[in-house]
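Chain IDs A, B and C follow the sequence of writing; residue 1 opens each chain.
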Amino acid sequence: MVDVPYDRIAGIPPAEAPDVELYHPKSWLTRYVFSQDAKVIAIQYSLTASAIGLVALVLSWLMRLQLGFPGTFSFIDANQYLQFITMHGMIMVIYLLTALFLGGFGNYLIPLMVGARDMVFPYVNMLSYWIYLLAVLVLASTFFVPGGPTGAGWTLYPPQAILSGTPGQDWGIVLMLSSLILFIIGFTMGGLNYVVTVLQARTRGMTLMRLPLTVWGIFTATVMALLAFPALFVGSVMMLLDRLLGTSFFMPSLVEMGQLSKYGGGSPLLFQHLFWFFGHPEVYIVALPAFGIVSDLISTHARKNIFGYRMMVWAIVAIGALSFVVWAHHMYVSGMYPYFGYFFATTTLIIAIPTALKVYNWVLTLWRGNIHLTPPMLFALGFIVTFVNGGLTGLFLGNVVVDVPLSDTMFVVAHFHMVMGVAPIMVVLGAIYHWYPKVTGRMLNDVLGKFHFWVTFLGAYLIFFPMHYLGLLGVPRRYFELGEAAFIPPSAHSLNEFITVVALTVGFAQMVFLFNLAWSLFEGAPSGGNPWRATTLEWQTPETPPGHGNWGKELPIVYRWAYDYSVPGAAEDFIPQNQPPTTGAVQGATP
Amino acid sequence: MSAVILFLAVIAVIAGWWLSQQRLTAKPWLEAGPIDDFPGTDATTWPAAKVGLGVFLAVAGSLFALFISAYSMRMNMADWRTMPVPTVLWFNTGVLVLSSVALQWAYVATRRNDIDGVIVGLLAGGAAAITFLAGQLVAWQQLSAAGYFVASNPANAFFYMITAVHGLHLTGGLVALGRTTAKVWHRNAATDEMHLSIELCAIYWHFLLLVWLVLLGLLTGWTNDFVDICRQLLS
Amino acid sequence: MAVALLLLLVAIGSVLFHLYSPWWWTPIATNWSYIDQTINITFWITGFVFTAVVAFMAYCVFRFHHREGRQADYNPENKKLEWWLSVGTGVGVAAMLAPGLVVWHQFVTVPADATEIEVMGQQWQWSFRLPGKDGRLGTSDVRNINPDNPMGLNRDDPHGQDDVVVENGDLHLPIGKPVKVLLRSVDVLHDFYVPEFRAKMDMVPGMVTYFWIRPIRTGTFDVLCAELCGAAHYQMRAKVIIEEESDYHAWLDQQKTFAELSGPTAVVRATYQSGGK
């Protein structure tokens, strides 16, 4: 290490504290409801996303009940089943994961981690949340309109999505598309904040290479989301016009219920291109924040710097860029020009290399570490197992010819649930255990946390690992019931029953977690400001939970990277980012 | 999807250039110390609003590039019938150019601290923009009177949709322009904040003018001819 | 300790499950065993990586979990190790991609002697069409569809008159002959999916897609729809029967051609119309 003599630091002017810029709340309403404080907005985002996520969780139980015990539950019919899968998928991918990682974690962590007082455009940030809430309400309202929510599958493929053979064709699809358009407008407002805050509001000394990987992940994901969501916007607007005004962007000449329809000439594949041009980056929009957060969890709880920080940063950027040229691997059997297959298979498998490197660096960080098996660390380990599993099955589906027999089977369902369902949720849960003390000032209960981890991790693995083999057997996805098929043995039905039972168990284990969240808010052990003895700035705030403006009078000054754990010769096994270097190796308490 | 890929390639070049200035190959664990030792790596001193506008323009650019991609894929289908371009579009284009020029003039006037000039420029720019929007509505009316309805052909549908999206962006800009004008009017003096607001309005206007010219080229078929010529030159 | 064991158990359990799973792909009925082999290669490579990563992690947890007085290493990076791992990963990826692309090339290259047949999807049933004596399929259009002409064939096309039309029945194919399956839909997306064929492709209204196969064993196979197509998606079934050449021809001779099916009504209509004038 190159240490800089202390006297050279004395000349640095303290970072200014432009207090006038702060939007101090004046009443209860502006403090907790129409707040412009990123931390409050983060909590609003998280609670809304979790609430609608719970709806999606209940939908998954209903789907599993039908799949595990077909014919037993008379209150689920084929139409409803399709509505359940559609709403479950859309909510989980967009309204839960995207909103939670970027709107929730992004809002809370970015200003704190880069040493800013708040987001740069607090008013726009507040609007972002309220538009998101409106989008969620519009989405939820489809459960109560005539015909119910759309049952077109979360991919909303035309022509099916707007024709009469699909449930929710009259109101459901219109409201779904409107909700997506609202979501994208709201997200763009938030996204501008996250990007510009990282670009412009970093505190003194916070160079890009001193940013924690969490910020790198969320930042890159936001940039991608800003550029990719317009594709969904364009697709939604065009489909809405097809549905409401009778244009034929995506609608070819076709026979609807025995009658030649008014449509003609359109291209269903055009929608698929637009959808997946958004849809594939979306996978990484969820994955990159998870990558970033899990890097910080592993490093902090193994008391060791993240291995290969530079490679981790480059990999995030490379993955972000590459993910824009792989979209058509979702369309190998869509009927598109078959020679595209060579290109997209190659780019898809190339993206595996930076991703694999990230995995190696996570496990190499554990090597010769000092691993504290706290709940955040356990969830991080669970993430690695499920992510590696789901990532490797992605190599099956990305390799064009292997995708041919496996596409549209349960193998695909198992793959994407493992890689972008279970794995990011592992990170979300680990992150909640990790940052809950900063948000509330109290620790979550450790024993309940470990119980929660093991049931969730082992349960989720038992649900989705065997499911791949149903797909290998040939069981198609989105089937209300399998019916008579010679190739499906009775044992497949038993496996479905088993999966359902485990899914319900895992679902109920989440209630333990909710209880823990509520109980610890009042009864949890006080955490102090930095319970995990972490280096990053959010743990160095003068108050816990941080007050409005985060930093008191003066902004912190950053002197080192985010991973000075177990530095040889240091008095403690961590050195906060805002601790100035000293001439000798002797470190005192934080000045 | 080639239009949007091309657009993203431009964005990638800009992002790559910026990242290359950020010492991404440095070994941060060897570089503990105050920032003065590593000049040029701190946050820039640009105003946040300007950077924010830049990012927003990238998003809007991506949106329009995607519309153009969709347009160019859909126009290859058999049922495409090119639509005549209403003459009023040429008038509208001229008005939009004037609008952009007026805002640029207002921006130049702020630097001379010429408040009257600023107000005249802002008002003229706003009036021209409103005229443009009205002119677009006239174009819609003429087309539908001539029987070119939104659902009768995809070319028509794209025309109505793309002009509507462009018009909405301009309407949003008018809100910002209105607020800026009101502020200048009331204070009767140009503060730094107003300088910035006027500059941002001008940038946004130039962007929308550029987008409109590209869209006009697309809707009139010039872009197509141009691409064909390029293709012939290459082969 | 328990954590390390459980992680190891996940890795070993996964491998054992893979080896002893009663759920495995259906016995193949076409020439696409290359696809199965590519899947096998992928299973070997990915299985190795998965086991290695999880086992390494379990070992780290076992060996380096927190004890009083333990100090972690300070080791920011190891360029050499990272490069070697990248190169190794690249080799593994290439080992999966290369055979995949070779087989894909075969998949999209239809042999010249393949017979064209047509499968048409609609909500929610399958129809099939086989070329007649002239060996060619006639043209079709969605706008021609009516109760007399469920597949929308073009009445003026001479090639279409002898086409064999099987509406809502089973498809028969001879063994050993390459077949190019043309796929078309009249309403929404469908996907002609026979698990034993391995090959499948979406059917898109407004276009004709295809795949090709050469059946290698006789039998009766289920046809399912693999692309969500509305409320009765799961009930959209048919059967494909692969049989010896002679059986196939016996079946074919019993089928009605398009001209036979639509002939009488077409004639009646023609007279009616001319009578009207």
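In the analysis below, a contact is a pair of C-beta atoms (placed from the backbone, for glycine too) under 8 Å apart; a residue touches a chain by one contact, two chains touch by 3 or more.
Just so we're on the same page, UniProt names per chain: A = Cytochrome c oxidase subunit I; B = Cytochrome-c oxidase; C = cytochrome-c oxidase.
Please read these numbers as outputs of a predicted model, since none were measured by experiment.
S.K.: Of the chains shown, whose Cα mean is nearest the mean of all protein Cα atoms?
M.R.: A
S.K.: Average the CA atoms of each chain to get its centre, and name the chain whose centre is farthest from that of chain B.
M.R.: C
S.K.: Taking the mean of the CA coordinates per chain, how far is chain A from chain B in Å?
M.R.: Measuring from centre to centre gives 31 Å for this pair.
S.K.: How many Å are there between the centre of chain B and the centre of chain C, using C-alpha atoms for each centre?
M.R.: 45
S.K.: For chain B, jot down the residues that touch at least 2 other chains.
M.R.: 27, 29
S.K.: Provide the list of chain C residues touching at least two other chains, using ranges where the numbers run on.
M.R.: 76-77
S.K.: Could you list the positions in chain A whose residues touch two or more of the other chains?
M.R.: 265-267, 305, 309-310, 563
S.K.: For the complex, which residues does chain C have touching chain A?
M.R.: 3, 6-7, 10, 14, 17, 21-26, 32, 34-35, 38-39, 42, 45-46, 49-50, 53-54, 56-57, 60-61, 64-66, 70-78, 81-82, 85-86, 89-90, 93, 96-97, 100-101, 103-104, 107-108, 122-124, 141-143, 145, 183, 186-189, 191, 193, 195-196, 198-207, 209, 220-222, 224-235, 237
S.K.: So in the complex, which bits of chain A are touching chain B?
M.R.: Against chain B, the touching part of chain A is residues 1-4, 8-9, 11-12, 120-121, 188, 191-192, 195-196, 199-202, 204-210, 223, 226-227, 230-231, 233-234, 237-238, 241, 245-249, 262, 264-267, 270, 273-274, 277, 305, 309-310, 313-314, 317, 321, 324-325, 557-561, 563-564, 580-581.
S.K.: How about chain B: which of its residues touch chain A in the complex?
M.R.: It is residues 1, 4-5, 8, 11-12, 15, 19, 22-38, 41-44, 46, 48-49, 51-52, 55-56, 58-59, 62-63, 66-67, 70, 73-74, 77-80, 150-151, 154, 157, 161, 165 of chain B that touch chain A.
S.K.: Could you pull out which chain A residues touch chain C in their complex?
M.R.: 78-79, 82, 151-153, 157, 159-160, 163, 165-167, 252-257, 260, 265-269, 302-305, 307-311, 333-335, 338-339, 341-342, 345-346, 349-350, 352-353, 356-357, 359-361, 363-364, 366-373, 378, 381, 384-385, 388-389, 392-393, 395-396, 399-402, 404-409, 454, 458, 461, 465-466, 469-470, 472-474, 476, 478-483, 485-487, 489, 491-492, 495, 563, 565-568, 573
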